[in-house]
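The structure that follows is given in the form of structure tokens.
Chain naming follows the written order as A, B, C, D, E, F and G, and within any one chain the residues start at number 1.
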Amino acid sequence: MENKPLSELTYEEASKELESILEKLRNDEVSIDKLEKVVTRAAALSKLCQDKLRNTEQKVQDIIDKLGL
Amino acid sequence: MENKPLSELTYEEASKELESILEKLRNDEVSIDKLEKVVTRAAALSKLCQDKLRNTEQKVQDIIDKLGL
Amino acid sequence: MENKPLSELTYEEASKELESILEKLRNDEVSIDKLEKVVTRAAALSKLCQDKLRNTEQKVQDIIDKLGL
Amino acid sequence: MENKPLSELTYEEASKELESILEKLRNDEVSIDKLEKVVTRAAALSKLCQDKLRNTEQKVQDIIDKLGL
Amino acid sequence: MENKPLSELTYEEASKELESILEKLRNDEVSIDKLEKVVTRAAALSKLCQDKLRNTEQKVQDIIDKLGL
Amino acid sequence: MENKPLSELTYEEASKELESILEKLRNDEVSIDKLEKVVTRAAALSKLCQDKLRNTEQKVQDIIDKLGL
Amino acid sequence: MSTLPTYFSLSKILNRVKTIIDENVAGKEFWLKVEIANINFHRSGHIYLELAENQNGNTIAKCRAMIWSYNVPQIRQVLGKDYNNILKKGNEILCYTNIKFDTTYGLSLLITNVNLEFAVGQIEKKRQETIDRLKKEGLIDLNKRIQVPLVITSIAVIASKNTSGYQDFIKNIQDNQYGYKYNVEIFSSAVQGSGAEIEILNRLKTINQKKYDCVVIIRGGGSKMDLDIFNSYEISKQVSQMQSAVFSGIGHETDITVLDFASNKAFKTPTEVSNYIVNKTYDFEKRIINNYELIFERYNKLIDRKFSDLKLFTEGIANASNSFTRLRRGALHTLMNRIVSSTNLLINQENNKLSLINQENLQQSKRLVNNQKESIFKHSEMLGILIEKVINNERAYLTNALVLISSSSPKTILNRGFTIPRVDGSLYTGQELSKDTIIKLEFKDSVIVTKYVKKEKQWKINPFQS
């Protein structure tokens, strides 16, 4: 499991970690004991990604709006 | 036979102990004399696991619900 | 990504960089992490181009007005 | 673009350069960066041609007036 | 363009040159650059012809007067 | 053009020369350059003939000699 | 007084002759063919003639004759326009005559009529003979071939001075109304009578030593003149040999003399000759003046035309030059308009391109974000599903375990009707027992105490082995 704090993650890293979590889940590599922690991490990662996306989307829109198209 | 008190067991340990009990039971390695004790232990283990599982499920559900999927 | 400061870019260079950005976007070669930066650059390039165009247009108009055509 | 100073151009050359400018404009061979310069040159060429025409016309008129026919 | 000095031209030559100038002008065979020069030449030729005609007239008149016709 | 001095011409020759001059004029065969000479010669011929017929040609003869007709 | 022969007075003799003649021939009229040797038209109206007959050049008979004035009208009527030509010296005539003898005047013939037919024939015959001869000798046209100059200035005149014809001629020539000056040389000569022919011949020879523009032979004056001299072969021959043209003006109305044939030009009167000469000069002068005027007119027209040509040229050049520059200006205007619109087009194109790029930029960005969004969504969804699966798996395992556990508990065994054998409190596991060993059989809800008898063979049953 990655140990980097979420705040230090890029979208890319977050997305990849999410993916790897899914992979582990698929392969039953996650014990129930860790499941909660893993899911929490996954949720956080997903949230992070979504936020980043939303943020990016907004910024792009803003920038382009400013261009006056 | 494991001697750890149930409350100290992780799901993993409980599950493993349960497994080993089941294995012994399947292989008729448990004497009638010990059977009851073993079964009782197994039932407790199973209960513990189920509880943990239910607990984990609930928590995971909460987390996922929070993700708003 | 080009590193030249905007002030040193010609319309041609700016336009070409814009196209190349667009191409990268089309080919999914831009990560979300860099998207904002890229779009910002694109916006700046577009602005630069627009300004140059507007400027040119104005100057051309002035010249033409002076010609009295 | 021709480099001859305007003062050294004949009407014929100026006229030809104008035509070649038009041709380049039509074939999109002029970059926006050079457009202003090109149009300025065209305007100057046009002015030169017009002046030459006007001048010639005036002189011709003078000559013919002097003939007193 | 003919290069003979005016003083060496006969009426006939001057007249023919005048005619050829007119022809060239009508057929657009003269460039604007040379137009003034050509018209100046034409004017001089016309003047020369007029002078020659007037001179002829005067001389003929003189002789007729002297002869008492 | 005949080169005989007028004084040496017979009436016949004078008449013929006048006729030929007229013919040439009719056929536009006389250039302006030669017109003066031709017409003055004709005038002199006519006058001289008239005077000669009356035997008073001396004065005219003097004029003609001076003019070299 | 001496012995003089018998003599008669002339009158007596002539009276006797007269008597003889009167008795024999007087009053008898007859036709006589005879040549007129001489003729004299008397003021009184009577005509006195000398008739002759010649043979081989010798006169073999000769006689005086008269036509009384009272006979003249009749004869004039008979002869008509030929009267003067017939009644002239040298002519042979056929005349009706009678003989008259007068003691004073002698023998003479009285002519009362003249035969026209014979007379004309005779004159014509003689003249024709001369003309034929001149023709035959190639002389008749010679003088005609001489080119008369356009203007006649030098004139040799053969004439009899003090005749009216001569005076008319000289006056007309010298005092002509146009003031023309002529060089007239007079060669005076008799033009009638004996010797006139020789004289004229001599004058012609003298004249021929020089070239004149023309030689004029004139004879003017009285109405009844002898023209016969001008039928002379010799004179015409000389005329044909002249180097200058000969004009005849010998004053006759009707008849034509041989000279008229042989001369360059024949005129009826001297005045006509002078008029011809003056008019010729006038015609020449008129032509000269006319031609000169035409030349001058042409010249003026030519000059005018050249002036207007020149004007047209110059105007044409001005116009052409103006339309030339106008054309260029139009072309320039069009060119610049095109450049301007091309420039605007270019700028608009760039503007559009930029706008499109920006739009696509936005769209691509959005697409990129959306893709990721979707991916994240899917991941999250997958997360739920996988977690459920993991939990379900565990749960299923636990359930199975529970089943196994419950089926394994001693209570369950006993409930199924099985018993648990115990020997001395411990589970009997098949060891040899001594007879009557106490065996306690534990049941579901009781314990039976029994004693061991013997061992029998039985097949093995293992409920946990599938």
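FYI, a contact is a pair of C-beta atoms (placed from the backbone, for glycine too) under 8 Å apart; a residue touches a chain by one contact, two chains touch by 3 or more.
What you are looking at is a predicted structure, and each value in this text was computed from that prediction instead of being measured.
Participant: Hey, what chains does chain D share as contacts with chain G?
Facilitator: For chain D paired with chain G, the chains in contact with each are C, E, in label order.
Participant: With contacts counted as defined, which of the two, C-D or A-G, has more C-beta pairs across the interface?
Facilitator: If we tally the C-beta pairs in contact for C-D and A-G, the bigger total goes to A-G.
Participant: Quick one: which chain's Cα centre is the longest way from chain G's?
Facilitator: B
Participant: On a CA-centroid basis, which chain has its centre farthest from chain C's?
Facilitator: So the farthest one, by centre of C-alpha atoms, is F.
Participant: Using mean CA coordinates as chain centres, what's the gap between chain B and chain G in Å?
Facilitator: Using C-alpha averages as centres, the distance is 139 Å.
Participant: Report the inter-chain centroid distance for chain C and chain G in whole angstrom, where each centroid is the mean of the CA atoms.
Facilitator: The computed centroid separation for chain C versus chain G comes out at 79 Å.
Participant: Can you work out the whole-Å distance between the CA centroids of chain D and chain E?
Facilitator: Between these chains, centre-to-centre, one finds 33 Å.
Participant: Using mean CA coordinates as chain centres, what's the gap between chain B and chain E in Å?
Facilitator: Chain B and chain E have C-alpha centres separated by 130 Å.
Participant: What positions in chain C touch 2 or more of the other chains?
Facilitator: Answer for chain C, listing residues that touch two or more other chains: 11, 15, 32, 35, 39, 43, 46, 49-50, 53, 56, 60, 64, 67.
Participant: Chain G: which residues touch two or more other chains?
Facilitator: Within chain G, residues 292, 299, 303, 306, 310, 314, 317-318, 321, 325, 328, 336, 343, 347, 350, 358, 361, 365, 369, 372, 380, 383, 387, 391, 394 contact more than one other chain.
Participant: What is the complete set of touching chain pairs?
Facilitator: A-B, A-C, A-G, B-G, C-D, C-G, D-E, D-G, E-F, E-G, F-G
Participant: So in the complex, the part of chain A that touches chain C is made up of which residues?
Facilitator: Contacts found on chain A: 10-12, 52-53, 56, 59-60, 63-64, 66-67.
Participant: Along chain G, where are the residues that touch chain C in the complex?
Facilitator: 333, 336-337, 340, 343-344, 347, 350-351, 353-354, 357-358, 360-361, 364-365, 368-369, 371-372
Participant: Which bits of chain G are touching chain B when the two form their complex?
Facilitator: 377, 380-381, 383-384, 387, 391, 394-395, 397-398, 401-402, 404-406, 408-411, 413, 420, 426-427, 462, 464
Participant: Give the list of chain D residues in touch with chain G in this complex.
Facilitator: Interface residues on the chain D side: 11, 15, 18-19, 21-22, 25-26, 28, 30, 32, 35, 39, 42-43, 46, 49-50, 53, 56-57, 60-61, 64, 67, 69.
Participant: Would you tell me which residues of chain G are touching chain A in their complex?
Facilitator: Where chain G meets chain A, its residues are 355, 358-359, 361-362, 365-366, 369, 372-373, 375-376, 379-380, 382-383, 386-387, 389-391, 393-394.
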